[in-house]
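All chains are identified by letter, namely A, B, C and D, in their written order; residue positions are counted from 1 within each chain.
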Amino acid sequence: MRKKLISVLQSILLCILYSWGGYVCAEQDASKFYLPNDITQAQAEQVMAAAVKKAVDNKLLMNIAIVDAGGNLKAFVRMDGAFLASIDIAIKKAKTARSLNMSTYELSKLAQPGNELYGIEATNGGMAIFGGGELIKNKDGLIVGAIGVSGGSVAEDMTVAQAGAAVMVK
Amino acid sequence: MRKKLISVLQSILLCILYSWGGYVCAEQDASKFYLPNDITQAQAEQVMAAAVKKAVDNKLLMNIAIVDAGGNLKAFVRMDGAFLASIDIAIKKAKTARSLNMSTYELSKLAQPGNELYGIEATNGGMAIFGGGELIKNKDGLIVGAIGVSGGSVAEDMTVAQAGAAVMVK
Amino acid sequence: MRKKLISVLQSILLCILYSWGGYVCAEQDASKFYLPNDITQAQAEQVMAAAVKKAVDNKLLMNIAIVDAGGNLKAFVRMDGAFLASIDIAIKKAKTARSLNMSTYELSKLAQPGNELYGIEATNGGMAIFGGGELIKNKDGLIVGAIGVSGGSVAEDMTVAQAGAAVMVK
Amino acid sequence: MRKKLISVLQSILLCILYSWGGYVCAEQDASKFYLPNDITQAQAEQVMAAAVKKAVDNKLLMNIAIVDAGGNLKAFVRMDGAFLASIDIAIKKAKTARSLNMSTYELSKLAQPGNELYGIEATNGGMAIFGGGELIKNKDGLIVGAIGVSGGSVAEDMTVAQAGAAVMVK
């Protein structure tokens, strides 16, 4: 209780001290800052926990990224020993899935030499065109984000990503 | 009528011809692909029309960009003779405003040497830290996007951007 | 009439108020700022309207970008629910078409493994090497810009892009 | 128990099915893949939890990023309604702090016009030169990573970042 009071007083003090810098300290109403149905932090944590659990169960070292409906990063975890390259790959898988409204596995087929979308990986500052990115939908089927997993084989990445996304439709 | 029939038949034919490429031709349900309250194409067109009108009235040559709640480009127009540099500036102003939930004019004050956010323009692949980016809110005060205008003085850019954004709360 | 007068007065006032900022308020002669035959805002709007109409008729969710003869963005529209990835793809298709003076469909054949331009997508900050980018020519056959469409299959994208470009030679 | 068995069998099956793809399924020894004292996933979660708690206590909407000793992203969380721009800023603050072995607040002073490191923000693909990035040290004073926080005033960002980093030396 006392700790909380100190924390609040500290905030007020900071506001006074730093208000000369032009920063407005009035409490922000978070609900005005994001669309009502977008994936929440709490939901992202559930998705992340389910994905990490699947990775641990399968003894996999994974990078896991979650983006919201706007394709913007919401949560990320790199397990100990997981590939450094997979930081960017996991994030790109999630963004790619959301920005094409399909899993990156579906995309991988379209992006092969000779097929429809061959070369698409050179757009958008680099896209991930192999499996491991899956859409996150809510119970109504609305796309609210995407999850990207990288660190194992494509099949392993997909298994972990799907385990994460599945939480939202349970 | 007959033209429409031909158009539909053409679509079906295309689906048959190209389905070997792996592309799914089933009609897409747009409503599952974006969050309910996000700015719509129709709204973006109204905002754009109001901004262009203000620019024409004030004899200004403007680049005008509109982004949605996720900060992703929704609409863009470059008037004849408007600065080429302002293509990127207008887009960055809109993205910057949305991604900090404040006008770029407010930001410009915080980003001056010695102030809180000095140097912020070096993040996010380049941010616009001078006026001309304004939030687009709906009647409930929810942020649904932003508009960025570039081509005149900061005051002129702001006037045009505000004229665009004002349409949504009328 | 009165409204216009107020608008003009407002402009003059802004000039006086903000001229200390170093900005020159003298009226700009737009005609000195772009090449005589370049695609105009009015023409771009006609091209855009025709492309959007074709997309609506075919029940497609599209991103549509138009660039001028200099390859610089002139107009852009994202229909509701259209792919986020296609913002960049549509713009890149238009730029790619203009910067190689061929449709991206023609380019797609040259860019396949083993062919002449294999790997070209890695240049220019990323090029689009699949169909959906079409040149915009005027009645004299002069290239005045390009249109890029993304959101459907390649065939669908091409159909919409061609419907847009066709307006200029009617 | 039975669930775990199924999970293991599933992994083995995946290895058999997909090994033709060239991916080696032998169990990986995570401990060979990162330095002994580097920040672990478990530690990063503790740091993150403490930072999020401080943000919630102070009613702040924050983006929080943690990098390891190599400056590579380890964990990230964006709270609901937190600035979109702060995704990149939080990550850059953490990377900047680690890559210069000082807090970004210390750096902010050196990076002002006229001072030693003026202009440094233009290097490394963009650096963050305002407070909110803090080093994470272990009990021996060894730098094992850094935390970057963005969403409030600089003072607020610093308070939250320091609350996170403090966990490691308790």
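Heads up, the rule we're going with is that contacts are C-beta pairs under 8 Å (C-beta built on N, C-alpha and C of every residue); 3 or more make two chains touch, one makes a residue touch a chain.
Since this is a predicted model, take the numbers as computed values, not measurements.
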| message | Taking the mean of the CA coordinates per chain, how far is chain C from chain D in Å? | response | 40
| task | Averaged over CA atoms, how far is the centre of chain A from the centre of chain B? Could you give it in whole Å? | result | 24
| remark: Between chain A and chain C, the Cα-mean centres are separated in Å by 32
| task | Hunt down the residues of chain B that sit against at least two other chains at once, touch-wise. | result | 18, 21, 23, 31-34, 70-72, 101, 116
| request: Pick one for the touching-chains graph, please: line, ring, star, complete, other. | output: other
| When you check every pair of chains, which ones turn out to touch? | A-B, A-C, A-D, B-C, B-D
| said: Going by the contact rule set out above, which residues of chain A touch chain B in the complex? | reply: 18, 21-23, 31-38, 68-72, 101, 106, 109-110, 115-116, 137, 141-144
| remark: Residue set of chain B touching chain D in the complex reads 70-71, 96, 98-101, 113-114, 116-120, 122-127
| task | Over in the complex, which chain B residues touch chain C? Could you list them? | result | 4, 7-8, 10-11, 14-15, 17-18, 21, 23, 25, 27-28, 30-34, 40-41, 44, 57-59, 61, 70, 72-82, 84, 87, 152-156, 159
| said: Please output the residues of chain C touching chain A within their complex, sorted ascending. | reply: 83-86, 88-89, 92, 108, 111-113, 121-122, 126-130, 153-154
